[in-house]
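Both of the next two complexes hold subunit A, though its partner changes from subunit B to subunit C.
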Partner chain A sequence: MKQTIFSIQDLKKYYLVKLGLFKKAYIKAVDDVNFLIREGEAYCIVGESGSGKTTVTKMLLGLELPTEGKIEFLGKDLSKLLSDARSAKDFRKNVQAVFQDPFSSLNPRKTVKDILEKPFKVHNEKIEMETTERLLEEVGLIPPKEFLKRYSHQLSGGQRQRVCIARALALKPKVVILDEPTAALDVTIKAQILNLLIDLKEKYNLTYIIISHELPLLKSIADKISVMYAGKIVEEGAAERIFNNPKHPYTLGLLESIPPPDPKSAKTKTLPTLEGEPPSPVNPPKGCRFHPRCPYKFDLCDKIEPEKVEIYSEHYVSCHLFNRK
Partner chain B sequence: MNIFRRSRSLTISIILLSIIVFLGFTAGVLTDKEPLRTGYAVGLTAPSSQFPMGTDQLGRDIFSWTLYGIRTALFVSTISTGLTVIISILIGLPAGYFGGKLDQLLMRVTDFFLSIPRFILIIFAVIIFGPTLTNIILILSAFSWPTIARIVRAEVLSIKEREYVQAAKVLGAGNLDIMFNEILPNVMPPVLVAAALQMSDAILAEAGLSFLGLGDPNTASWGRILAIARQAIYVGGWWTLLFPSLFITATVLSVNLLADGLNDIFNPKSVR
Partner chain C sequence: MLKVEGLNVEYLLTSYKVDAVKNVSFYMKKGECIALVGESGSGKSTVAMAIMKLLPPYAKISAKEIMFDGKDILKADEKLMSEIRGKDVTVIFQDPISYLNPIISVGEQIFEALMAHNSKISDKDAQVQAIELLKKVKIADPERVLKMYPFQLSGGMAQRVFIAMAISANPKLLIADEPTTALDLTIQSQILKLLNNLRKEYNLSIILITHDLSLTSYLADRIYVMYNGQIVEEDTAEGIFSNPIHPYTKMLITSSQAIYQGEVKRLKDKMNSEKEVNSKVEQGCNFLRKCKDSNAECEKEPPLIEYNGLKKVRCWKL
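== the complex of A and B ==
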């Protein structure tokens, strides 16, 4: 069994909102989430916007504090790791991130050279002339000398994302958290970036946590997928199983809403759609949170919250359809 | 040169300002008379070849006084604006970045200063601490920071949510590092515009203080000539009023145009 990198237990994140002078409510962005991430895995979290997937990564990065629950990194409590300056630095070195929007993730007043030297400066490490150049070569920005003195507005979207990846790799991390790494890019560039990520993963034995809503792209990279809906994980399992044999009605709906690549069949067939919209995170539906949109809904669904069931080894579904004894 | 084509205000202001600065620097060459020395002429003298801008009742040369006045105006306004900007950043940056209680505290202090008429406060402070040039500069900056501090805070609030700030946090950068190296450079454009406006305010405030007799008695200030003009004008001494006023107007106008021009450059979208 491979080493467990992240272990997440009963993770919750509620945001307090003031609805009026006295009325208060909680936005349940993440509600009772459990999962494990093992070394060398590409763990993907998918879901619609507002499902809480970005909040989960923010907590994994220590940018947000969980309301409840525990995050363990290599067996140690994350909140304790971050409270000590030394172990916090160590954690930062090991866990890096690439953000969604390459247009705002590079400081507009800095050159690529400044940006890539920053990680070394923060950790008081020596910077050699070749260090930054090698990083740029690594992410396919060739010739590196030409890119070093550029500002982010002089780069294309794909090039920016490559710089972000280079920055994330600078400190040789174990884990890279990718928050929608391809969402803001052109279709052709998406594939290039994805291939680059796959190559780098193999080369450095990286562990990826990928947040995305682009299921087809994930096919080529994901080892494990968990599907989030309204702050909860509704299905989790090996990527192959999820793609070929999805269990939860929501996963099914997500997979069916991908347009088929063949234009002829796409024209004759209207796409099956998930009716309705994601529920309000302030006041989620009773019972199963998906029941108002679920085509297979029956009498239990709006009363009792479904338990997590292991239907294959390490393939979990939270749905009453699989819980009838 | 591209910059000048983008903003006409900037071009005009830079031409005007360089003329004014040039006159200020070469004051010693352009006139051999000392600015505050009495007795160059007997009584109020109209402009002539000897006194291009005439003299006042005590025979002081208005031309040399006005030119040396440029030095005072620019010195007071640039130094006090510089200090104002530094104070504003030191207050606005942590307030916006840390938020919470610190923000509440700093912003209430800011509101307090904003709620009192500034010029009256400045007059009181000058009366208490004495009218020296240093005091005037310090007092001007001490009471001018609230507006710019608010601008800094508002900008920080928006910029701290950008992903490059998050990325710096993820890299393990400290709060000071993030505030001054990642956020501050991106806060500066609107602050520079506000600073230019502050500079014209400072010129007017200094002139105003001198007009009220609260300027440094040992420096040549436009405001003091205007105070003299208040009496001289009744006996036809229009030149004592006209020339210093022209210089005040031209300087304030060019500094305001500079602010406008900077704004054009930093927000190119707002122009078209």
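== the complex of A and C ==
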């Protein structure tokens, strides 16, 4: 069995909002989320905007504190790790992040060389001239000498994202958290960056946590997928199963609504759609949160919240259709 | 209905100029949907804004001909243009929330759109028409939405409201500039369907501007692929997908199909690094720096040549 990197138990994150002078409410951004991430895995979290996927990653990075629940990193409690300066630094070294927008995550006043040397300076590690050059070669920016001198405005979107990836890899982390890594890029560049990520993962046995709303992209890279809806995980399992044999009606609807790049395909002509909109996180619907949009809903759905059922090994669905009790 | 011939747009900046659009020609018939496809910076939005004459003052437009519905856009003055804009031609954008006024309710913004084209309309009629419009764009609870402010709307709802305003004057042409890029998958397919239904209902012509080829496969009749300010290939949607000729079109199609099928690895040897090409060729084929099989001939600029009588391609390799 591979080593468990992150273990998340009953994770909750509520944000307090004031609706008036005395009226208060909670936004339930993440509500009772459980999962395990193992070494060398590409663990993907998909969901629509507002489903809570970014909040989960923020908590994994230690940028937000959970309202309730526990996050363990390599068997140790994350909140304890972060309370001590030395272990916190060690955690940061091991868990790096790449964000969606490569335009705002690079300092415009620094050259690529400065940007890549920064992590070494922060962690008091020795830098050699070749280190930064090797990093750039690693992410396919060739010839590296040419790129080291540049400022971020002299790079294209794809090149910037490559620099962000190089920076994340600088300290040889165990885990890289990628929040919509290709959302801001053009199609041809998307494919290139995806390929780069796949190569790097194989080469360094990296663990990826990828957040995305672009389901088709994940088909090439994901090992495991969790589908989030309104703060909850509705289905979790091996990527192959999720794509070929989705169980939860929401997963099904998501997969169906991807238009295939082929005007002749039958699916393009009909384009099946899931009607309705995701619910308000302040006041989610009773019972199953998906029931107002669900084409298969029956009398139980708007009353009782469905429990998580393991239908294959390590494939969980939260839906009454699969609860055979 | 729309004919554009030899359109050039230059941005005159203080120290240099940028050729954003170079010699672009296209046409569209009534009720047709054409798509301008290309990466960011390829000039696709600039083309659309040039037709509406909505470019900033430092943009210099020149063209042989821009005819819309029998009107000569090139010669049209600002007065005629403002009649055309909003009435005959309307635009929807990528990010609807930032185009709606945040401090005015949705209802008032729709009334404003209605009054702009019919100043005699009474308040009551405006209300009735606004509700009717919101029903057209499939908003479930129109009376309530009229009283809401833009920040209370979700992305999908805001785009629906925006579409409702765009169709309020029964336009002939709708320019949809990345209409679903900011939306989630399930909402994206809802909006695509809505656009297609409106198109049939009103015999609306649509110019779809997008970098996502898979959207065009559902909506577009014909596709113009743009690269670096030029049209590099034009054909019917089926022709582009089944028989791409230009190396850039090929790259687009293989990338989006590989992503869709989850076989990105297959592309690996074709493109995995961004090599910097030092030769700064100013002339010649636009795609030269990225093209895998370029030769000496490519240092001259290729013309847009007819190919098989059906499509037009800008490449020397034909």
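Please note the rule applied: the second predicted complex is superposed on the first by the 322 of 325 C-alpha atoms of A that agree within 3 Å, B and C clash if a C-alpha of one lies under 4 Å from a C-alpha of the other, contacts with A are read in each partner's own complex, and residues count from 1 in each chain.
The criterion applied here is as follows: a residue touches a chain if its C-beta (ideal position, glycine included) is under 8 Å from a C-beta of that chain, and two chains touch if they have at least 3 such contacts.
Bear in mind the structure is a predicted one, so any value in this text is a computation, not a measurement.
Enquirer: Touch test for A:274: subunit B only (first), subunit C only (second), both, or neither?
Expert: A:274: touches subunit C, not subunit B.
Enquirer: Should A:241 be classified as contacting the first partner (subunit B), the second (subunit C), both, or neither?
Expert: neither
Enquirer: Under the stated touch criterion, which partner chain does A:70 make contact with: subunit B (first), subunit C (second), both, or neither?
Expert: Touch partners of A:70: none, neither subunit B nor subunit C.
Enquirer: Please determine whether it is subunit B or subunit C that touches the greater number of subunit A residues.
Expert: C
Enquirer: Look at A:93 in the shared chain and tell me whether it touches subunit B only, subunit C only, both, or neither; answer first, second, both or neither.
Expert: First partner only.
Enquirer: With both complexes overlaid on chain A, does A:118 touch subunit B (first), subunit C (second), both or neither?
Expert: In the superposition, A:118 touches subunit B alone.
Enquirer: Would you check which partner chain A:157 touches, where first means subunit B only, second means subunit C only, and both and neither mean what they say?
Expert: In the superposition, A:157 contacts subunit C only.
Enquirer: Based on the superposed arrangement, let me know which partner A:38 touches: subunit B (first), subunit C (second), both, or neither?
Expert: Neither: A:38 stays clear of subunit B and subunit C.
Enquirer: Examine A:315 and indicate which partner it touches, taking first as subunit B and second as subunit C; both and neither are also allowed.
Expert: neither
Enquirer: Considering each complex separately, which residues of subunit A are in contact with subunit B in the first and with subunit C in the second?
Expert: Overlap of subunit B and subunit C footprints on subunit A: empty.
Enquirer: Subunit C touches which residues of subunit A in the complex?
Expert: 48-49, 140-143, 146-147, 156-159, 162, 186-192, 194-196, 198-199, 213-217, 219-221, 243, 253-254, 257-265, 268, 271-275, 277-278
Enquirer: Which stretch or stretches of subunit A touch subunit B in the complex?
Expert: Residues 61, 63, 88-89, 92-93, 95-97, 99-101, 104-109, 118-119, 122-123, 164, 167, 171.
Enquirer: Which stretch or stretches of subunit B touch subunit A in the complex?
Expert: Against subunit A, subunit B makes touches at 162-164, 166-174, 177, 182, 185-186.
Enquirer: Under the stated contact criterion, what part of subunit C meets subunit A in this complex?
Expert: Counting only subunit C, the residues touching subunit A are 39-40, 154-157, 184-190, 192-193, 211-218, 220, 237-238, 241-242, 251-253, 255-265, 267-268, 271-276.
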